[in-house]
Each structure stands twice: as structure tokens, then as C-alpha cells.
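Should a chain be cited, it is by its letter among A, B and C, assigned in written order, with residues numbered from 1 in that chain.
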Amino acid sequence: MRTETRVLGGKMHDLAATLFPMARSLAGPAFRETLDVLERTAGPLERHRFATGERVFDWVIPREWSVREAWIRAPDGRLVVSLADSTLHVVSHSVPVHAHMTLDELQAHLHSLPGQPHAIPYRTSYYRDDWGFCLSDIVRASLAPGQYEVLIDAELRPGWVELGELVIEGESEAEVLLSTYCCHPSMANNELSGPVVCAHLAERLRERSARPRLTYRFLFMPETIGAIAYLSRFGERLRRSLAAGYVVTCVGDPGPFTYKRSRRGESLADRAAEHVLRHSGAAHRVIDFVPSGSDERQYCSPGFDLSVGSLMRSMYGTYPEYHTSLDDLTLVTPAALEESLGMYERLVNVLEANETLETTMPFCEPQLSSRGLYPALGGGLAEVQRVHDTNWLLNLCDGSADLLAVADRAERPLWELAPVAATLREHGLLHPAEAHGPTSGPSYTNRRPWTSTNGRLR
Amino acid sequence: MRTETRVLGGKMHDLAATLFPMARSLAGPAFRETLDVLERTAGPLERHRFATGERVFDWVIPREWSVREAWIRAPDGRLVVSLADSTLHVVSHSVPVHAHMTLDELQAHLHSLPGQPHAIPYRTSYYRDDWGFCLSDIVRASLAPGQYEVLIDAELRPGWVELGELVIEGESEAEVLLSTYCCHPSMANNELSGPVVCAHLAERLRERSARPRLTYRFLFMPETIGAIAYLSRFGERLRRSLAAGYVVTCVGDPGPFTYKRSRRGESLADRAAEHVLRHSGAAHRVIDFVPSGSDERQYCSPGFDLSVGSLMRSMYGTYPEYHTSLDDLTLVTPAALEESLGMYERLVNVLEANETLETTMPFCEPQLSSRGLYPALGGGLAEVQRVHDTNWLLNLCDGSADLLAVADRAERPLWELAPVAATLREHGLLHPAEAHGPTSGPSYTNRRPWTSTNGRLR
Amino acid sequence: MRTETRVLGGKMHDLAATLFPMARSLAGPAFRETLDVLERTAGPLERHRFATGERVFDWVIPREWSVREAWIRAPDGRLVVSLADSTLHVVSHSVPVHAHMTLDELQAHLHSLPGQPHAIPYRTSYYRDDWGFCLSDIVRASLAPGQYEVLIDAELRPGWVELGELVIEGESEAEVLLSTYCCHPSMANNELSGPVVCAHLAERLRERSARPRLTYRFLFMPETIGAIAYLSRFGERLRRSLAAGYVVTCVGDPGPFTYKRSRRGESLADRAAEHVLRHSGAAHRVIDFVPSGSDERQYCSPGFDLSVGSLMRSMYGTYPEYHTSLDDLTLVTPAALEESLGMYERLVNVLEANETLETTMPFCEPQLSSRGLYPALGGGLAEVQRVHDTNWLLNLCDGSADLLAVADRAERPLWELAPVAATLREHGLLHPAEAHGPTSGPSYTNRRPWTSTNGRLR
């Protein structure tokens, strides 16, 4: 088992390593190539295309960007900065440039981090025609006065923002969204860990023998513009069918888990993730929704207000390597990647198990012993626990509560309660509560103004 | 007063001692005899009978059981175990047996507690034809190999599960349930303390000169099957009329009080019991409902979901003597029995006083001084407190709150607030709020799914 | 700025000093004169009159009282107590008396404080014909046996209870109430500080160049009877239009601030005051409503249940000088008066800013960069904060939340969020939510029984 695990973690890390050097941006050949690589693991990705200039809500689809070569030549002829060394060296979506200028003129186009002198920062200029170079502060400080030659052999041309979608159909149309982004160039935790975990999670779900109860939708997109474009075309459908969703990001480092709640704060996404973390034994923290971060900003915009949170490890913006060249393949470990995958699988399992059942005998307890459900004289600890679980289920499953709510009130992991529930169904003591379909159940569409719980409007 | 107290506690302990030796089971002559003894104190008990074989919800009424003699004769001729020494020695509802067998064969029918070598455990086999003996582990270890003779001269025959009911009618049909069980043989805290406290509580309520406001219903039953049988016949009526109820058990030991909440968690039963405990000064703890325990399991089954909790001292399952021969008449003290009785009386008094009143002058404060309700210049501490209480009552009694809610918000004991409320009624400043009858008041029938407070279903 | 402040605090203290010596009662020439002085600062006060004998709810308007002279002459001819030394020496509303009596007979009419031997207590007898003198316990103890002469040259005659009202009209009929009382004679914190702060607050609001959004209503009244009389005539109108109100009292001492909540506990008055205190950095505490205190008792009587709290410094009844001659002009400081005025102004500003806005782009985030609302590459800390504030506003302003609720969830002071909101309105990204007028908005009239939040009625 441990060996199998190492193998899996190793494969995940290898996938990250394959994707690492590509000069991705939010649109262009490197992004497309990234999807090609990911689908070898995840399975075939349906590509959705949004043409340059197309309006998606308040935004306009930008041009594709590709870069062949980019460097700064010092007065002494040396290339002091070169795309060949790191894709981060050039500001993403820089316009092409070939020019000679003094160091002073060049400085306006340079970005470095005085507080982290060895790190190359990550910068983009998607929606403003500009160009620039990112470099370590050490190198920047070493630049001598004089004439510099700069070259960015890039191309900005009409094309498409593209995103890959994979759906694993379940028995129900109620669906779980796993959303990740792969527009960042050579950084490992943010963001290759998210696509890598998602690709492997998709692979593992596809390999399951039984059809899942819920439908699983994976999205591999460029951040922000991808989610906005997707929602502009499919948001209404998502709103009707979404049970729970997660933005999968920053899941490759060995730090403790972080769960960021959805805007609603008590959505099914939140309840499931917090349940899994609470009973997993893993170190973790839970934080409330804030409207900065990643694509949960779009899913949780007030018009959608979806049941979408984000299960991460070290959150973006909180670790020093974030958005720099230090976020490399050493920050991300096979064990951490695999543990994250395992946590997401557990989350999937909890959502799969989370039916809403109803006792068939609401008046007084059913007699367990006549059904062989009660231990005879004596009975070990496991049997006692099973009787307790049985009692909780028969008492609380009144049709108003899903199993997650029952498990939370009983303070029991759902994965231990669910097999007992299955036994009780076999004995006809529980049956599915009616009318909890994807569009009618309180878990999915019970939208109240956030102020009714979080704000106060009296 | 203290002497009177001792006398009362002594009487209670005497009643327990009278009942202690009887070989009770859930049905049979010893149970019937127990009711006969209890009604000498409680008052005449109406007997409800449920015939063997009758279906009560999911259960079937078992046969009556009686036992005349039961022993194990060792190879050397000695009776090593005998019913004559303890009613616990024979597994309750054992089928008759008279046989010779080796010690090895006998072992399968023996029950002892290695962790408590001096204790005889309490075991039953109500719903499975079996026989067995319970004995201390010390005695069991001393048994020499050889041929043993065993005799259980018992009888299982069709008859009735029987239960005793006593109703003290009040002005209102809204009722308070005091439910206890007396099917256990020779154990004192669990369970003779419950019937003893209930019998004396009934006696004291009957002796009151004034008719109570609420109706009081006492049930003396066999545990589980009694409550299920009762609810199968009278459950719907109980659901319509119940204001609050308590399972009275484990109230004889000197440990701190334990209040176990009803399934709903904020029912009138809970609010009243927690109020009394909080203001009593007695050591106590409050625990949430769990669907294991005693007859609250039936009252709080999801179809009934009644306002029923349980006010105990050391709770079943939490003290080492529980369900063994060590739960004897030394564990239960006159002082503890009497203190428990006093706590239940206080609870009764709180429920009696808990009307829903409404100010007759909702706009601005009424003038107290013109009614002699305001102390003149000066005025001692008691008068200041009375003015405070008056202000709380006149401010909060708006028809939406019962006096218990007012007392809780004012952080005052209801028994100190109630006389002030009475004075204000005399002055016409408060009057009963309309439409808070037993079936319409929010206290009684306001049934929400438990998830709306305890679970989370968004 | 600091100098200007000193000047303002000094003016406020001077106003208190001018009013201090007047022998005010709840009705009579000294009260009228007090209003005359206050309107020199506050602006013209409309006078409402309630004639002696008029019924106001449960109360009857008392007679006017004036006192010219009052003294006790000792057997040796000395005046041991005299109104000329302190207006507190005579029990307010004493009937006239001129008599000779022994010290023993006199004692029944004397009031002193053994625990505070140097303090003259404050006593009234508004609704009972009586007379009396208040004196320090030191003086009382020094009185020698013998014949005393007492004189109270007072007059009780039909007239009016009078109160002064000042309204600053805003764009909306929704209004803010500032209620204070000035019936107390020579005491400084309770109560001259309240009228002084209100008079200056009114002056400052009148001096503002722009018309306020809300309407501001100032009431200068005798305590209790004034509020009751006002509500009897104008209560229904107040109930329709009140957004938030405060009883302004005990705001002159340098102690930490105290906010006493309205009866509802989460009214707009409470939310605004607690927000201001929390973000002010000033030491403060918040206490729940209790139905004793000042005129909030009338505003929060159950029939009105208005959104009225009280922002104080050291609360009545909690500081040793309260209701004695020690509550003098040294207890009240210019700096404290001015700081209190500043806190009330901040409260006004928060209420002014507290609109309910709604995003015009609820689906996904609007693009900030295309509007110049997003900092280009780089951007300092202030710009980062502005983007955060922008995100909070665009995410939470969904029409269900006022800005105060948004600010509270974002944990940001409203005064820093409001300018960002204004910018977003200029860019058409936020606009006022409809139907939040004075009478329909949830902030104003969403009246639930208090038990739904504070009590428990299941």
C-alpha cells in the first residue's frame, strides 16, 4: 500500500515536472499543449472555445499570446536575462519589442522583489499593452549603466481562450464541480498542483467499477477569464444542478490543509469539506469566504452564489514562494500531492454517501433484535458502536436531514455511519426521502440572502 | 423542617427497601405486586394491559415470566449459586431448565464481570429463548471441574404486560408527564429510585389543596416495551396534550444532577429543567439528547418528537455499580432521594407558574407609584429588586413570551418573578395572553425539523 | 486642530456651567429658562406643551413647581441648610411649608447618605404631596436637639410640562432621534452633559453645507414624563419613521463609553453604535437592554419597541457621584464632552453613509482594470486595500444588505468603505437598492417578537 502510494505520488510529481517548463499564458499554444498532456491522465477533455473579442459578462476575450524568445543583452554583450532560463522572466502577455535603451529607461520595465532578492516574481499584463521583464533583485542590482538591447519575440493574435471539461456522469444530474486552472507558467504549487490532482482524481473516478451517484464535472481553465467565460455560457445550467464544488489549487506543498468556505458559509460544499477535515485527523484550518482569491470569486459572485469553496494546503498569498520562481518542483512533494488527492477522494466519497434517508418506522424504535441487528448477551465494542450508530440513524433520519447532518449531530464520520445506513436500508428500516432531486433539495438551491445568517438587518 | 425532611427521605428509602427483593421482570406477578406496593403511596393506579402476542408498533408483547427457584449445584453438592441469595443470579426471562452438565458446558450459560469480580451482573433475554446464570467472577473462578446440576424453575406463559397510570387533573388539558419504570429486579438506583420518587411526587401533588393548573400524568411501566405499548395506544393523545415530560430514573444516589435534553433541544421540558437547575444552586450538568438511554428513546422517536427529557443524578451507564448487584440500597440514600423529590417538585412549580402573560399597557410604562407599586422616598434592597422584576415583566410580557422566557432573559428565578407577576395581575397590568392552550401554544406543538436548529441543510 | 478642539470642549463646559445653578424640575420656570439657554446653541426649539391634569397614556401631567427660598433654621438661629447653597437641598416638588418642630419631628423629612457623608443626595416627590430636605450626613449628624424652623417657599400650580424639539430635515423621512433630558437641577454629568452634547450636535449638523440624507430629531425633555407625553402625541409617527435613536445621557465624564442596546438587541441603532465603538479605538463596553434606566424605557416599551439605545460614558447608577452633589462641574471635563460629541458625530456619519446598495453586475466580477479601478503592475498597500474593499462591496451588495452589514462582514470601518462605494456608484457598478424607504426597509420596521432571538419558545 505504501509502495503503491509512493508510485502514485511519484507519477503525480512527474506530471507536474512535464508541465513545468511550458510558457503558458491564459491563451495560446502552450495552454493548449498543457491540456493535451493533462488529458493523457484525466481522460479526454472536451474543449470549449471563446473567440478573441467575444464579450463574456463584463469582460472581453483577449488575444492569444506566444513567445519564442526573450532576453536582455547587457552593454558587455552578455544575456543577463533570458526566457530560456525561466518562463517567468518575461511579463506574461508582453507585446513584442526589440529595442536599445539605457539602463535607466529599461528600469521602468523591470520587476524584482527587494525583500526576496533571489526570487524572480511572476507578473502579467493581460489587459494592457505593455512589456516587461521579471528578474531576481540580485541580478537587477548587478546591472551596470550603459546601453541595453531587449528582445521579446512574442506574438499577440486573435484566437481563442480555451478550456477543457470532463464529465463523469452519475445516476443523478446533481453534480460536483472540480475547478482548477492551468494558465500559470513555471510554478509548481500555484499552479500545477491543482491540475495534477484534478487529472488524477478524474482518472481514479473513471476507473471505479460502479457508476457514481452524482455527476462529476472537471474544469481545466485559465484563471478568472476561464471561469467567467464558462459561467457566461453554462452558468445557468450549473446553478440548476450544482450540489457542491471546489476550486482545486495550492495542493502540492506539505503544509496543513486550508478550507475556504463558500460565500453562503453553510453550503453543502462547506459542510462536506469541514466534515472530512474534522474527521481526517489531518492538521487544518477553516477560513470564511473573502472575495479575493481564485475562481471562487466568480462562482460566489452574488448572482451565482454557488455552493463552491476551496480545499487547499498553504493558501495563495500566505507562503513566501507564492508567485515567484521559488514556487518550484522542490516545494511540491509526491507525498503531499498524493495526500491531497486522497483528501479529495474522501470528499467525493462523503458526497456520494450523503443521501437523505427517512425512517420507515417513525413511531418508537423498531425492534432490532428480531432482525438480528442487536447483539445477543454480551457483544464487543464494535457491536456497541454499531447499535449506537443504528440508533442515531433511526432517530435522526426523519426526512429533514441528509446523512451529513446526522453524522455531524452524532459526531461520527460519515464513512463509518454510511455502511450502517446501508444495512438499515437492506432491512427496510430506512428508505430515500422523496423529492430531494438536484433542483428541489435544500442542499442545492436553498438560496437565502447572506445577511440572514451572516449579516444583521433588523 | 430538617426533621420532617429526614422523615420523608427515610420513608422513601423504606419504600425502596420493600420493593428491593422482588424478582421483577417486564411482565409477571412480581411486576404486578410492585404496582400494588407503589399505589399505597402514589394513589390508585389505573392498570393498562397489553396481551401477550399483541403487536405494539414494531414489537410483540412477550409472555409473562415468573421464577420460583433457580440454582446451580456443584459436584460436591453445594448450591454455589441460588436465586434465594439474589434475584440477579438468574438471567431474566430464562426458559425453565433442569439438567446435568460439565462445567465446560455450563460456562456458556454463565455471566460475570472480570473487571468487577465481586459484582453480579444484570442480564435479560426477553426476546430470545435462552437461559443463564449471573454470578460474581470470584465465585465463577472457584468452580471446580465436574458434573453440575442446574435448575431454573421458571414459567413463561401468555398473560399481559401491564402498566400503572395515575392522572392528577388540572385546570388545563395541557399535561406534564412523569414516566418511570419498575421492571428491574433487586437494584436500587436503577431502578427503584425512579418509581419511589414518582410515587412520592404523586402523593405530594394529590395532597395539595388547590387544583393544579396543568394535568399531571404518572406512568409506572416496564422499560421500553411499556413505553412502546403505551404510546401505541395513547401516543396521539399525548402528542396533542403534552406540555413537558420527564423520564424519572437514577435519582437516588448522592451524585450531582444530570439533565439530558429532549431531541428538540429547546423544548419546554428542557427550558424548565435547565432553569430550575441553574437557579437551584445544586451541582449539575446538562447533556444533549442521544438516542440511547431509557424511555426518552420512544418519546423522542422522530414520529413523536415530544418535549421529554430526563432529570437524573448519576446517569445510567456512567457509574460503576450500574446494572450490577452493587447498585444496592447503600448506594441510594434518604437524603438524595428526598433532594431529588424536591427538585422535581420545584420543576412542577415552575411549570405551574409558567403562564404566558401580556401587558395591558404596552405603550410606555404604567405609573407604578399611583398604584402603590413604587417605593416612596428610600426603599430597601428587596423593594428595589421588586421594582426591577416589575419592570422586566411589564417590558417583556408582550404575549410572545412565557414567564420562563422572561425569567431567563432577566436572569431571575421564576419562583421569585411569579409572585410579582401575580401582583401585577391583581392590579390589572398583566393578563393572560390569549390562545396559548395546550394544542395551539408554541411551547407545545411548535414542531420544526431538528435540522433547523441542530443540523444544517443549506 | 487640537486648539480648536479645546475651544469647543471649553464652550461645552461653559454651557453646562451656565445651566448648573438653575433650580430645574420637570415643569416650571427653571425648566423653561433652561430651554431658552439651550436654543442659543442648538437653534430654535419648537415647544410642545402638555397641560397639568392631561392624561398621557397611564400618567397625568403634574403641576409646575417653583421654589424661591428653602431653609432649616437651627435652635441657635443659624441656617444649617439653605437652597441658596445648593438646589439639591430641597426635595424636588416639595409642597410649601413653614413650621416649627423638634429635631425628632424634622428627621422624618431629612435625606442623607451615611455611606457618602459629604454628599447631598438628589430626591424628588413628583407624584406625592410631601416635602423634605436633602443634606450631607456630616451636617445632619451635627444637628443639636431643639426647636427648628423650616421654610419651603415653593409653589405648585397648574401649568405645563414643556419640551423642546428641533428637526433638521433630510432628504428622507427616515429619521434619527437624539433624546435627552434636562429636568435635573445642579448636577453635571447626569444631567447636563446630555443636553450640552445634543445642543452642540444640533449646531454642528445645522452648520453642515449639504442637506443630510436622514432627518434628525432632537428632543430636550423632562425625563420619563416628557418621553411619555411626547410618545402619547407623536409616538405613532415616530414608529413609522424612526431608523435609529439614542438617549443621550451621562456623556461628560472621562470614563470609557458604555452602549446599552435597544430591547430588540440587533436594531440599526445597535449595529451602528457598536460598529462605531468597535472601530473607534476608544475603550468601551456594550450591555444588553434592561428595562430600568432612562427614557429608553419608554421608547422600548413593548408597544413601541423602537430601535433606540443609549450611548453613554459612565452609566447612571454605576459611578459614586451619581444623583448627588458630587456630580458637579469638576466631574465633567471639556475633553470628555468634546470626545462624546465627536463619537455622536461619527455615529451620525455612519447612519448617513449606511445606504443599501446593489451591484449592477451580479454575475461574475466586473472588470476593474478597464475602468481604471485596478492598480497596474505593482501598487502600494493603500491600493491593495482599495481593491479588497471594492471586492467586498461588489460581492456583498446584493440588495439584501446595508453598507453597515457589508462593513461588519468585511470587518472594515464604514467610513473607509463608504468612499470606495461612492467611487463604484460613479462607475455605475453599484446603485441604490429599491424599496428601502423609511417605512418598508428591514432596518426600520422589521419587528419580530423578541423571543425569536432572545427568548426560546419551543
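In this text, contacts are C-beta pairs under 8 Å (C-beta built on N, C-alpha and C of every residue); 3 or more make two chains touch, one makes a residue touch a chain.
Note that the coordinates shown come from a computational prediction; the quantities given were computed from them, not determined experimentally.
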Fitted rotation between chain B and its twin chain C in degrees, CA, nearest 5: 120
Equivalent interface positions on chain A and chain C, same or different at half: different
Where chain A and chain C are represented by their mean Cα positions, the distance between them in whole Å: 53
Junction residues of chain B, two or more chains touched: none
Residues of chain A touching chain B in the complex: 264, 266-268, 271, 307, 359, 361-367, 369-370, 376-378, 387-388, 391-392, 394-402, 405-406, 408-409, 442-443, 446, 448
Residue ranges of chain A touching chain C (in the complex, touch as defined): 56-59, 91, 111, 123, 125, 127-128, 130, 132, 224, 227-228, 231-232, 235, 263, 290-292, 297-298, 300-305, 449-452, 454-458
